[in-house]
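Look at the two complexes coming up: chain A is in both, with chain B in one and chain C in the other.
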Partner chain A sequence: MTDAASIYHVENVLLVAIRDNITDTDIITLQEELSHRIVSDGARGVVIDISALEIVDTFVGRILAQLSSIARLLAAETYIVGMRPAVAMTLVELGMDLSGSRTALSLSHALRSLRASRLA
Partner chain B sequence: MSITSLEEVLKILREDFDDILQQWLETQREEGIRRPDLFSDSESYRQAKNLLTAFASGMTSASQEGRPNLDDPSWADLRAVLEEITHERVERGVSAGEMATFVLALKTPLFMRLRNNLKDSPDALVSEISRLSRMIDAFAMRTNEVFIEEREQIIQRQRDEMMELSTPVVQLWERILTIPLIGTLDSVRAQEVMENLLNSIVEHRAEVVIVDITGVRVVDTQVAQHLLRTAAAVRLMGAESIISGISPKIAQTMVELGVDVGEITTRPTIRAALALAMNRVGFEIRANKESARD
Partner chain C sequence: MIGADACPVLTVPLRDERDIAAARSAVSRELDKRGARALRKVRFVTAVSEIVRNAVDHGGGGEMSVFVKERPLEIWVRCTDTGPGIADIDEALQDGFSTARSMGKGLGGAKRLVDSFEITSRVGGGTTVEISAAL
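And then the complex of A and B:
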């Protein structure tokens, strides 16, 4: 497990909290780790909290999009939550609208949506 | 008497200052630019007196060689007075033409005196008049420049104010925001709209935002792009956007332009959008039993 992100398993959902100082290596490690955990924990939902991130570049943006695609292949639905306005504007500017991922205002919003779709 | 100097003019200004001032004001009245509706007699008098004083002192100290140069330090007084007066006049709605005539009217009393005093030396008369004329023309030109600068500042200020006024985000209900867009949506404003909207989403924990474009005059490809980008950013934040106020005409234009709104929900009226938004956050709008419907 890296220091830059923590994964918690709650009910059928994996909660991922990404810290502000995450590096490119860290996030690749996270992608590995998360893929394994989805299968080993039998998770049906993944919630990635990025509220700590003040800057998101194309690399991190692409990995976030990839995480959602990977999770979908492993039968889990991904929610990206807590994006800051400045980050949202940057991503749109970069043309990355993460159209493959679901988004929610906060962790509880995401959990509510997951419960509504009976995944949690 | 030297022909190239403005000695005679200086002498007249020194000796006849009060009379010239009176006649200048008189000429302004004859030219129809006194504007008693905007300025009282005492204000007009004060403005003209300050200007004439600064003009006279500038004439005395400034070099008489070459073209009149109002940027010269000896004209600092005049520039300051001019700026102050122009500021007062622009604020009250005096036009550029009136402003120039105001200054040019100074020629009449000065020329009349020159003609009387230099009756016997036509060469000196012509020379003084032509120099003085250039002087006052430069003076009037500078007045207009200052006038335009003042106007530009006012325009800039109003633009800034309009910018602030034109992107108000309003909370319609718990977790529902609306931003009514009015006028033209250029890149600068689109950026402003997006920033305001995203920050308000965080502040109000909003789940649905209604972007109302009823008041947007033209929707071209660029405006459509701005709207789509705003909607994309709203989605990234985890909220949903509804674009309302799409008139039949705008709908046709958008299709003709090949604008694809993708998965963004659109509604023709803000009323329909509100009903949908309420539904999304778990409320329902229902008619009261007693309320009569026709």
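And then the complex of A and C:
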């Protein structure tokens, strides 16, 4: 894994923090690695923190949406946390609502929600 | 068109995907220096990301130049590539048009995020995109 993102496995949940300088190749690598880790670690939830991302363009948005779909097929729920308000407004203007992903304002909100659905 | 009253600020070469991030950061810094508000900045930098990615992924690379116009304060970005050019620009700007890795919302999406958007392209002669936003 590159240093553009780190994956931590805590109580059936994979926590991922994406750094701002992530490249297209890095994020595709992350998508692959996370897909494998969901199965090998038996994760029921994936929480992706994008608070370090200044922008989310259509490429990164598409990868995040795909990742959520892949995780769902592997029986894990994905939460995207830490989206900046201006990023949310811009994504909607781009016509990307990430409707396949759950979102939460923070990591603790996401974990609470995963616990409530007994996934963590 | 970028007028003669716009001052060139910097140029970033676009060779590979690392330069996409470099181009974004460079524009972001210029907007910060001039006190751009968060939403204005995110919208413009997102548009920059789309057009420079297009130049790197489809245009075989090129360069991005940033210009600033005073009174009224505006930022302009010109992105040129030396790729195969776009045969049907109207089609390329439609949501859903996609040739390779994009979702097909890239160029059309960029157009919606800026105050002005101009694209010129010639088959075999590369593509130039100019965008601007008031600050």
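Convention: the second predicted complex is superposed on the first by the 120 of 120 C-alpha atoms of A that agree within 3 Å, B and C clash if a C-alpha of one lies under 4 Å from a C-alpha of the other, contacts with A are read in each partner's own complex, and residues count from 1 in each chain.
By our rule, a contact is a pair of C-beta atoms (placed from the backbone, for glycine too) under 8 Å apart; a residue touches a chain by one contact, two chains touch by 3 or more.
Being a predicted model, the structure only gives us computed values, none of them experimental.
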> Thinking of the overlay built on chain A, is A:81 touched by chain B (first), by chain C (second), by both, or by neither?
Replying inline: first
> Just chain B (first), just chain C (second), both, or neither: which does A:29 touch?
Replying inline: neither
> With the two structures laid over each other on chain A, which partner does A:21 touch: chain B (first), chain C (second), both, or neither?
Replying inline: second
>> Contacts for A:58 in the overlay, against chain B (first) and chain C (second): which applies, first, second, both or neither?
In response: second
> Regarding the shared-chain residue A:89, is it in contact with chain B (first), chain C (second), both, or neither?
Replying inline: both
> Is A:6 touching the first partner chain B, the second partner chain C, both, or neither of them?
Replying inline: neither
> Of the residues on chain A, which ones does chain B touch that chain C also touches?
Replying inline: 84-85, 87, 89
>> Please output the residues of chain A touching chain B within their complex, sorted ascending.
In response: 79-85, 87-89, 91-92, 97-98, 103-106, 109-110
>> Per the contact definition, I'd like the list of chain A residues that touch chain C in the complex.
In response: 21-25, 54-59, 61-62, 84-87, 89-90, 93-96
>> Using the touch definition from the top, list the residues of chain C that touch chain A in their complex.
In response: 17-18, 20-21, 24, 28, 38-39, 41-43, 45-46, 49-50, 53, 95, 101-103, 105-106, 109, 112-113
>> Please output the residues of chain B touching chain A within their complex, sorted ascending.
In response: 194-195, 198-199, 201-202, 205-207, 229, 232-239
